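Structure, as structure tokens:
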Amino acid sequence: MTVIDVVMLAVAVLGGASAILVVVSRNVVHAALYLVVALISVAGTFLLLGAEFLAWTQVLVYVGAVIVLILFGLMLTRAPLGPMPQDNDHTRLAAALSVALFGFLAVLIMQAFGDTALPLSVTPTAAIGEILYVHWAFPFMVLGFFLTVALVGAIVLARREEGEGPEPLFDAEMDSERPTPAPTDVSTTPGVTSPSQEIRT
Amino acid sequence: MWQDVAITITVFLPLLGAGIITLVPKSREEAAKPIALVVSIVGFALALGILAGYDWDARGLQYTVDVPWINAIGARYHVGIDGISMPLFTLSYLLTFLCSVYAFHHIEEPGKPKAFLALMLLLQTGMAGTFIAFDLILFFVFWELVLVPMYFMIGVWGGPRREYAAVKFFLYTLFGSVFMLVAFLALYFTSEPNTFDMLALAQQGEAGVFTATFQRLAFLGIFLGFAIKVPMWPFHTWLPDAHTEAPTIGSVLLAGILLKMGTYGFVRIALPILPEGAMAFAPVIAVLAVIAIIYGALCCLAQTDLKRLIAFSSVGHMGFVMLGIATLTPVGINAAIFGMVAHGVITGMLFFVVGSVKDRYHTRAIADIGGGLFQTMPRMGAIFTFVAIASLGLPGLAGFPGEFAALLAAFQPAAGLVEAGHLTLYRVLMVLGAVGTVLTAGYFLWMMQRVNMGVAPQRWKDAGLADVSVIEWGTWLPLLLMTFFLGVLPGLVWGITTADVDALYSVFGG
Amino acid sequence: MQAAFPLVFAALLFCVGVFGVLSRRNAVLVLMSVELMLAAVTINLVTFGLLAADRGDVVLTGQIFALFVLAIGAAEVGVGLAIILLLYRNRATVNIDDADLMKY
Amino acid sequence: MISDHAWLIPALPAASALVIMLFGRRMARAGAEVGIAAIGVAFVLAVLVAVEVFTANVSAVAEVEAADTEEHALAGEQVASTGSLALTEAGEGEETAIPDGVEAFVNERAVTLTPLGDGFDIEAGIRVDGLAAMMFLLVTFVSLMVQVYSTGYMHGDPRITYFFTLLSVFTFSMLFLVIGNNLFMVLVGWELVGVCSYLLIGFWWEERDNSNAAIKAFLTTKLGDVGLMVGVVTMWAMFGTFNIGEIITAVREGVQAGGAPLDSGLLTFALIALFIGAIGKSAQFPLHTWLPDAMAGPTPVSALIHAATMVTAGVFLVARLYPVFQASQAALNVIAIIGAITLFMAGLLALVQDDVKRVLAYSTVSQLGYMVAALAFSYTAGIFHLFTHGFFKALLFLGSGSLIHAVHSNNMSDMGGLKKSMPWTFWTFLIGSLALAAIPPLAGFWSKDEVLAGALTAGGYTGNVVLILGGLGGMITAFYMTRVLYLVFAGEYRGAGHPHESPGSMKWPLVALAVPAVLIGFANLPFEQFHPTGFAAWTMFSLEYFEGHPAEFVLWLALGSTAAAVLGFVAGRALYRVAPAAERDPVLRLGLVTRVLENRYYLDHLYMGVIVRPLRDRLAVLAYWFNDRVIDRFVYLVGVGTQRIGQATYTYADQRGIDGAVNGIGVSANWSGGLLKFAQSGNVQFYAGAMFVGVFVFAVLFAAA
């Protein structure tokens, strides 16, 4: 047990705990903030693994940009910001599946890498740059193109088309066209009757 | 050069056409019709070119292309054409061509010719591809490709219960093809060396690479996939719904080509590759086929809806086809192929006529039409009568040779089946099948009495219904002529099929 | 350092993410859970990248791929949020079990 | 040789049908002229072919006789015959040597139409021999007369072009049936005439009764066709060919395909199956019920199709395969009994009819019974009766058409006293009636006498049954024809309007048909010295059969049958000389007997009640119910079952499913909630969960591996 192992353990505990809080938190804004912690601990892991550049990128992109984006998303969709159940009816099932998956993976990892020591070394940012722009140049450009496309796509999707009315509550036309009305309002669905799930606008 | 690319060009041309049609701007949707027409004409011309360059006397594949496709799983792009595929391949191009002509006459609500015709051309690629693929994976891809456009055709352009019918069609067929795919994979892993190639597998099947138990299991899987598509009794319940709700063109293509994919699959894949499995299942298939004949006819007698009646008649007719296949003799297989082509032409034609009648009367209920079609639309009535008589198997028209040869084969099934003691069963089935022709005649005549004959209700006389239009004549005349010439000269089909059928089915010692 | 530490950590994050994806109703929360899963994947990539470097990989495949995943993850959040926004605009909800138009 | 071109005989009407169909509407006489011209040419050809065939046959017989005399003179010893089968008929111990190279005339030519796989081919070919030549004569002549007649009878009908098209198509089909050299072609022609008959019976389709009759005719004969089809298929399986000549040769030699010995049980089965086809087409008991209803069609159609030609197809079929039938005494016995029953019971039915066409229809059934019964004993007797009957029955039908044309009613109760106003019709009708009643020396006498003589010579159980019933039948025939004659032509006119003689186009065909009705009987005088040059020689199918043919004149039989006919005539005259009022008609006052006869032995009730209605109204509905509620329900239940499995695993999906069912569009769409909603819940998380489970399982599997 070296020092670095201890630090790694601490980061892992922190990250794991905050990740779990992300998925169980009843308040969406809290969840987003826990996500920040989880992602920072991921960045910490990168640092411990010697991937310095990656760690800072992680902090910049995720903690900086993505989280802000998500918070904007929460705001724009007028999600109920207060504490309330955010889970559907399969929580137990999902939990069972996740735990089983984790157990299985953990066993597998311990079997395969239980006694493997990592050859730690710090990767200088300059080396990353050189390799990225020389050896990985083409995939990198494709990635750039891809990002542009995603950007344009996101704009097109989110843009309100001309003539489209201001956010209707229910798309009535869509339902009446079908012979079998598919219930869109969850509150009419038997079994999902919690009044707190009604949409508050 | 032409030999190498002919099939690929011909099969994928409609796909290209579909792509072009999607580029037509929404404001000028009508422009999609001429484009589709041109594409389907060129496709049909290419198919005829393939037919013209085909060597009728040779056995085996022609126009072969065999290149690696997905190396990881050993799937190859192996296409080609032989006497068994040729009639159906050509028929699919003919019907698509005629459908694109008919599209000028009428497309069901909600119109949108652009989307409709693009789907139709996509369907064409799938249909044609199924008949020329000689690799199981390639076959499967084309097979599944067909589902999507047909699903949308029924689901968007169909009748009142379109969604129900479309989903039923889609899921039912998909359900069957899952078993089929499993069987294909099992074949791949059992074959030695591993291969998806139909010809290689057939050779291995003949050489006895597969054990009897394996053959039966694999045959069962393939059987489910194909039997649902045919559809055989009792897997047929999707058919009346799909047919009834589908738009006219959809019904025509569904009856004309899609159903044949199942029977073709039996002939091409199930029987040659798994001879012992086929031998074990043939009596079962034969019994189911004859049940379908009688049962289909009885259900037809109970129908009050014209289109549904025609749909149920398909069940019976495909019963004859399956009876031919179940005999495992070259005569029976020839009968089946002829039956497929004839059914494609005749029932396709029937759906055209019924579609046009419905289009004018705005109802499919026989009681609402109330008789007197001869009075309101004499030419339509004459065509309807002609086709109905062809469908009930009048000699001299296309319906007869296939039916008769199937019965002929059923009297003397393959030697292996006789040795297994099934001779009496087959002969009884043959007599029952022949009785089925009487019932078939019964419901068609009764239908004609109720629709064509008698005095037309006054409201229809006053309605000023237009008789057969020029476009309709243009669409139907080729089919009417084919109905006649196939009946008079069955050699048009048998001349091309016999050599390959004989070669393929020598394994059953017929 | 033992290779197992980051790997188990990654597995934990991944499984938590799976749980979140399956159990959350709010689409934004689902998206967050997906981010957790992606993060887990990047950790794995970096870890295995180290092992690969030990065996002669000189082009830092693991780290570069992690970088790519990062970028794509960012793009995914953008597009995903746009879709959620659209959903919200059309159906006035971000509950994904209401977004079931793809049924029969 | 003109018979090489015999294919022209059916081809001409086919061509004319096409021409009339395409251009008939624009022609001055609606296409009738084309049809008549074509069939006229065909008739001339038929005469030429007949002359060639008949002279060839006669000279062949002469050669044999010459050789025979020679041999008797030289050695008087018997020479083993090659055709032992045909000679079993002879039974006189005297076998005849046939010189090499001398055969009954057969001109057969064929082209291969298509291979069928397995080495079998389908051929198209012609087989011109005595039988075919005779049928050509009959069909073309009657068809010619009927078409000429129709120009008058159908004058002014809006669908006259369609009518003449159908007549041409029918004539073609009938000739096609006759000329075919293989059973496949016979089957094709057989079905084609059936469909023409269907279309012509339903010609006036506005009336429900007519279309009902058409359907009944088609379906009843089609039921018989099942037998024909089974028979043809069995023959094919036994002999590996459809070719009639080859089948006959194979039967003679006693070998099946592949050299196996003849399976006589299977052969009998095949022959009886073929005969079931004949029962349907030739309206034999118990499938005769369609023929009287078929009178719903126009009268010329009844004359052509339902008297002279199509209904004789069954008789023709048996005659065509006669050497094969001879190989199975059991089949011949069945034929004899069916024929005898038919001829007797149909004769009785004719007694109580008021509709003149129905009288003739039942009489046709009865006469067909004679032909069929005759074939059990004697080939020549059967086809000779077919030949003569074709002429005089066509004459009678056209005569009745002339009556109907004049009084606008089919019923005899609306006629009476027409002798004065319609003399031509009367005299020709009288000739026809006398011929039918077998009064010497008209055609019917000679042919019916041949039938009875054949039965007498054959003796035995079946022979006696046919003889007795045939004799009684003769009396009944004379009686009902007398009744018709008196009710129609004697006494006072009872109908509406003023009847007058039909126009020339209808009159002259009657005269033209009356000539053969009188004279044709002399073609086959039943005396030894006439045989080698008469009808028996003309139409023989083999020299062996001709030589062994037992045709001799039995004086007491001829006198007896004539006496029976006269007795029937006298009785009819006594009862109907003064036409009784319809309700006082003696035959209608026999209580139970009349009731049974008027209800046609309740056979129609039986068929409707036991077969048609249960099948159409009960079984069909039941089958559809089964389809909807059992099979489709099963599909539904599979869906629901899958859903239930899902319920345990995915509560959510289950709730969507039940929700869907609750809100569903009612019972019929209920089941869609099952399978479909489960599989396509549309819930992303459900999909994702399924995916994770799948991946997980695979991962475990890989790890295990």
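Labels for the chains are A, B, C and D, by order of writing; each one numbers its residues from 1.
FYI, a residue touches a chain if its C-beta (ideal position, glycine included) is under 8 Å from a C-beta of that chain, and two chains touch if they have at least 3 such contacts.
Owing to the predicted nature of the structure, the values given are computational and were not obtained by experimental measurement.
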item	value
Per-chain Cα centre nearest the global Cα centre, belonging to chain	B
Pair sharing more residue contacts (C-beta pairs) when A-D is set against A-C	A-C
Between subunit A and subunit D, centroid-to-centroid distance (C-alpha), Å	84
Inter-centroid spacing, subunit C versus subunit A (mean Cα positions, whole Å)	6
For subunit B paired with subunit D, centre-to-centre distance based on mean C-alpha positions, whole Å	36
Averaged-CA centre spacing for the pair subunit C and subunit B, given as whole angstrom	47
Multi-partner residues of subunit A (at least 2 other chains)	88, 90, 93-94, 97, 101, 179-180, 182
Subunit D residues counted as touching two or more neighbouring chains	652, 656, 669, 672, 676, 680, 685, 689, 692
Multi-chain contact residues (two or more partners), subunit B	161, 163, 167
Subunit A-facing residues of subunit D, complex	649-652, 655-656, 658-660, 662-665, 669, 672, 685, 689, 692-693, 696, 699-700, 703
Touching residues on subunit A, where the partner in the complex is subunit D	88-90, 93-94, 97, 100-101, 104, 108, 179-183, 189-192
In the complex, subunit C residues that touch subunit A	1-9, 11-20, 22-26, 28-29, 31-33, 35-36, 39, 42-43, 46-47, 49-51, 53-54, 59-60, 63-64, 66-68, 70-79, 81-86, 88-95, 97-98, 100-101, 103
Subunit C contact footprint on subunit A (complex, rising order)	2, 4-5, 8-9, 11-12, 15-16, 19-20, 22-23, 28, 31-32, 35, 38-39, 42, 45-46, 48-51, 53-54, 57-58, 61-62, 65-66, 69-70, 72-74, 76-79, 86-88, 90-91, 93-95, 97-99, 101-102, 105-106, 109-110, 113-121, 123, 127-128, 131-132, 135-136, 139, 143, 146-147, 150-151, 153-155, 157-158, 160, 167-171, 174, 182, 184, 186, 197, 199, 201
Footprint of subunit C on subunit D - complex, ascending	652, 656, 672, 676-677, 680-685, 688-689, 692
